[in-house]
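Below: a set of structures, written as structure tokens.
What follows is chain A paired twice: with chain B in the first complex and chain C in the second.
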Partner chain A sequence: MPLNFHRPSSLREAMDLKQDLGEACHFLAGGTDLMIQRNRGRKIVGAVVDLSRLRGLDRIEPLGDGLRIGALARMRALETDERVRILAPALAEAARVVGGAQVRHMATLGGNIANASPAADTVPVLLALAAFVVVLGPNGERRVPIAELLAGRGRTTLQAAEIITHVELPRPARGSAFLKAGRRKAMEIAVVNAAVSLELDAKGLIHAARLALGAVADRSLVVADAEAMMRGQAPSPELFKAAATLARDASRPISDVRASADYRRHLASVLTERALTLAHKRLVAATTGIPA
Partner chain B sequence: MKAPLTLDVNGMRHELEVSGETTLLDALREELGLTGTKKNCLEAECGVCTVLLDGKAVNSCILLAHQCEGRNITTVEGLARPGSLSPLQQAFIQHGAVQCGFCIPGMLVTAQSYLDELDGRAPDRDEVREAIAGTLCRCTGYSKIVDAIEAEALRLNAARWEAC
Partner chain C sequence: MLKNYHELLGQSLPRLDGEPKVNGWHVYASDVRLPGMLVGRLLRSPHPHAAIRRIDVSAALAIPGVFGVITAADVPDVRFGVLVKDQTLFATDRVRFHGQPVAAVAARNEDIAERALAAIVVDYEVLEPIETLDQAFAPGATLIHLGWEGYEASPVCDRSGNVCNHSRIHYGDVKAALAKAHRVYEHSFTTPLQHAGYTEPRTSVAAWDSNGLVTIHTNCQLPFEVQQVVSEVMQIPLSSVRITVPGIGGGFGGKLRIGMEHYAAVLARHVGRPVRVSCTTEEELIAAHPRQAAHVTVKTAVDREGKLLARVARALIDCGAHAGSGPSVAANTLQLLAGPYEIEALDVQAYAVYTNKVPTGSFRAPSGPMANLAVESQMDIIARDLGLDPLEFRLKNVFTENSKGPVGEKLASVSIAECLNRAAEAIGWVRGNPEANRGKGMACGWWLVAGMSSGVVLRLNGDGTVTMQSGAVEIGTGALSGAAQILADELGLAHSDIHIAMADTQTSPYDYGSQGSRTLFNVGNACRNAAEDFKAQLRQMAGRIYGVPVEEVQIRDRGVVLPDKHVPMVEIAKIVNFREGGLLARGTTFTPGPAFDASRVKNHTLPAWSNPSFFAHAASVDVDEETGEITIRDYVACHDVGYAMNPAAVEGQIQGGVTQALGLALSEEIIYRDGIVQNANLTDYKMPTAQDVPDIRCVLVESPSVSGPHGVKGIGEPPCICPPAAVANAIATATGLRITSLPITAEKIVAARAA
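Moving on, here comes the complex of A and B:
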């Protein structure tokens, strides 16, 4: 099927093209999902507007104590960037298990969000890191919490000509962790994944706990019950076990070729407990200077 | 509709006319006759179509040719000078890493990208396995392929120490 290729030289031109070309026109960034869906005949792609060469949108830079990441930052860059590894280890971990090296050289952070797969690896991390997404549209820029962009399986609240330009991680998340269970170690879509982030107050009590799961609902799922339950508590194995139970209960997975719903609920619990334990170790290490 | 396209492949500039839906893989094979890059799954799962784009391994089956205008593409044919083999290719032969051979062009390009990124650091066998996870071989069980890549990485590491 014919495909018209467009390479705009600015975001403005990209938005204009998308508005003119309508429904069958898609923004193309890494292409690691769009092009596969097209090759399989699952998606009609009459035209693409290639965003992948827009300048400056792949930068990873400091933002206060946190980070500002361009939407075109590749998974490989997130995996290897020293600041990401220190300030948001969960994000580096998630980026590292997206596809093989080839896919990680192409796939972008903005694409992973816009694609809205319930099994996306970086999206639960962005939820657990309380990330904001900067979106540019014909009517200007807006900055929204990542959760507000997710509308269901493959669906976002992005308007037709809107483009994700940046992701902002407002606070450092040294006490964060990401774990993924697949049927094999590499090149695998998550059966379940879990991302957590912990912050402690001066007394060593949990000031904020954030927890999100992937592949257990129609979109990446924040486990608000567990977050509220942990707040103000002292971190302990018992507390993390209780949070894991809440994560299991909040999960609404399906059964499919990869796993049964029961097994996914079990994984939600196991991964939550392990990720909280790992995040806590990292936080202690970051605070005391003693490696985890 | 075909449109003009300039592609830089293995250090040579080519002026082509290709349609918007043409993948880089098809442009390499059908327009330039570079059939070392193989065609198989078309969904970035198997890695036989791997080429270097500005030095980094990518799946040419999910890249549009027009996306690659002005970028440097290296295929397996470009790893060595004509009539010779690259050190990595020689290591594959020495370690008996090739059986049917279909995955080998993609495997060599994937491994070259890893070695370039490694930049003389000491290799780690698990890291080598992880680096080639996106390129499948259904004959060898990978052991000899990993042996070959590891040996070449060790040679590059030793060469770096000698240069100090």
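Moving on, here comes the complex of A and C:
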């Protein structure tokens, strides 16, 4: 099938094009998943509106204590950016294991969100970091928690011509971690991934714990039970193990060519416990100055 | 003569094709474009097993830009196949695997070709697929080929129903040996289908000329076999088919059997224009020539001291819907089931079995890793059970010089004990298991050099260089570059003075082909013989030209040395052209197999192995206690290469082969469900990445072969054989878990631990 390619020079023009061209028209950022879906006949893509040359949307900049990341920021940039590595180590870790180096030079953060794969690597991190997504539409801009954007496998609550422009990480997340399991050690779609973020209060108790898993449900999954259970508790191996059990119980994975549901549940537990342990170590290191 | 007298031999010289390949300007078959060329595409069956009721191509033909659509009705009704003639160009009344070609189109471009494929209507009556070996092998199983008795087949194949060859090696009194045994062990192992993993998909460009000759530019490994098949399928004289191989982006045995050549040729004839057919990744994964899946059962009897008394084994080899290489691959398991061991009595049998899956090929060391996994895993199990160190247990039983092989052949240059000891030393072998979740394992084996014949033609060029024509394809191993080292050494030329001509059936001398670890061995011998002819002719010519006695003419130092002067090759080459009609020289070779006891072996394509090589591998692994993730920390591959003609190239072969086999060991498999491939893409078909493979350390043993050039033995395939067993054994040491099916995934480890 021929593919009509449009390259708008402004967000306004991009939205207009999308409205005119309708269903079979897709926004194109890095295209690292969209084009594969099209080539494998899994998505009808008659036209693309290429966002990749829109200026200024790939910036990573401070936002209060946190970060504001343009939707067109490449995985490679997130992986290597010094501020991301310090303020949100889990995001750098997740970006680092998306595809191979060539893919990471193309794939974008906004694309990873909009693509809404249940196995996306950066989306659980954004959930664990309580990120907001800034969305521009024909009727103006809105700012929504990332969780509200996810609607299921390959589906978001984005309206037809809405474009993700930025991701906001309101607070630093020095105590965050991301782990991923796959059959290989690189170039993998997650069999399961886990992202966590911990904040401690002045007494050293858990002020906030956030935990999200990938590839264990029809979308990236927040394990709210575990988050609630850990709040106000002193971090300990036993606590993390209990949270891991809740993570396993919350998982609703499928069996497929990559792994069985049983193994995925098992990994949900193991990765959760390890990610919590690692995030805690990082947090302690960040507060005491002693490297983890 | 001192060994280092030869300046070019045993040197890690850069490959002659290295620079263009590294820089990206080497021309491969997929780069060939001809004026007016059309795109050819195949319509493939979506069903694993179905009867075809009707095919309607009229809608496809009506699409503007479609030049032709062909089905079985448009081509000669011919069955072909190397050993069993059980396949047709297009499915006739029945499809037997998901991906089988049903029709082909030629169109102006890819998009139109795709639309044409979608417009072809095929009315299928879907049948139940026979997917597993056990289903197909069971008594009374549904026949995959109803009329199998009527197929023409090589007399070497013993066929029956779904079995397209049953081969056997049998000697000694197995019953008596089992009866007197201290212990008898029996284990079963399974291995999956593995794609050969070449980078360049199978691609052919065909064009017919005014003389009725079809030229096919392609990336096959065996141009002379492909020429034969095309002539057979199209019912035209052999000499009307010309196969050229400009360059090939990897083959690994997956491009031995015919690929897209016949499709390109029939389409080009049908539409009267050049046609290019190239496989997509999906087509590669559903319909190439992968490594057979196998199910191997081994029963071994030992005495109290740990000497092997008897072995009884059965290998089921899953050929898929057509026999392809299967009958010989199955037979080849027999030598591997015996292993490099002296065994009092042996009865090993192999069955090549049809299923409704992809027809298979001859992927690097065909049968090697499947049978070796079974034998070498069991060797470790036995050693542990007897309280013996696995190294010690192997050393007690391995072949020694002049041992008799499984078919009674006398073995020479036997180095297996040295390989084992050196691999153990390099990996830091320790008895027992000092660390939890970390362990070492080893495996050893042997492999043949395929013999048959090779010819080389040399041409002295006007600039004093020499063109070497060989019908063997440089498939990326560097074997022809190595043969050029031998040739340059013989002729007193520089390595870069040798040009390797493209393999072309119209001009190249015959060669049995780049397969069976034979290329450097055989082409190298042909080069030595051709060099003799070249030098004899050149001496005669120099004698005539300069009026000196022939015996006073020497050929060395890039020229001709006469009693009173040195004539550079460039100078004499010009005179030879003007006065002598140029210089063409020729050399051939044929390596016969060893003498053997024919009563021991039945239905085997290569009953006695020629010039075998020996090897031992050792791996050190970590296994994650909770996730089951396996990390290979260290890997040693010790190979007896006879003589390392080009050590860097030899190490490259070893590292590449180990890498491919680590893929089979840990991650690769073509997965079927209900006869349909579930992972026909490189997202879910997992070849190892650089992160999955450790630095592979090579240890070279040089125990010269009897008949290879300068003692060379084969090295193309052997590195692919031991890795799965070595890794499985290391995992067993680390975890106490014995995984008997490949690939050994983290999930299998966790499941075994839970059980």
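One rule holds for everything that comes next: the second predicted complex is superposed on the first by the 292 of 292 C-alpha atoms of A that agree within 3 Å, B and C clash if a C-alpha of one lies under 4 Å from a C-alpha of the other, contacts with A are read in each partner's own complex, and residues count from 1 in each chain.
Note that a residue touches a chain if its C-beta (ideal position, glycine included) is under 8 Å from a C-beta of that chain, and two chains touch if they have at least 3 such contacts.
Here the structure is a predicted model, which means the values were calculated and not measured.
In the superposition on chain A, A:N4 contacts chain B only, with no contact to chain C.
Using the contact criterion defined above for the overlaid structures, shared-chain residue A:A181 touches chain C, although it does not reach chain B.
Within the superposed three-chain model, A:V270 lies in touch with chain C and out of touch with chain B [touch as defined at top]. Residue contacts after overlaying the shared chain place A:K203 against neither chain B nor chain C. Of the two partner chains, chain C is the only one touched by A:A259; chain B is not.
When the two complexes are overlaid on their common chain A, residue A:R40 makes contact with chain B and with chain C alike.
A count of residues in chain A touched by chain B and by chain C gives the higher number to B. Using the contact criterion defined above for the overlaid structures, shared-chain residue A:A101 touches chain B, although it does not reach chain C.
According to the touch criterion, the shared surface of chain A, contacted by chain B in one complex and chain C in the other, consists of residues 1-2, 36, 40, 100, 185-187. Residues of chain B that touch chain A in their complex: 1, 3, 19-21, 23, 42-45, 47, 50, 53, 56-59, 61-64, 66-67, 69, 110, 113-114, 130-135. By the touch rule above, chain A contacts chain B in their complex via residues 1-5, 7, 28, 31-32, 35-36, 39-40, 47-48, 50, 52-53, 76, 99-103, 105-106, 185-187. Residues of chain A that touch chain C in their complex: 1-2, 36, 40, 100, 181, 183-187, 189, 257-260, 262-263, 266-267, 270-271. Residues of chain C touching chain A in their complex: 111, 114-115, 282, 626-627, 629, 631, 666-667, 671, 678-679, 681, 683-684, 686, 688-692, 745-747, 750-751.
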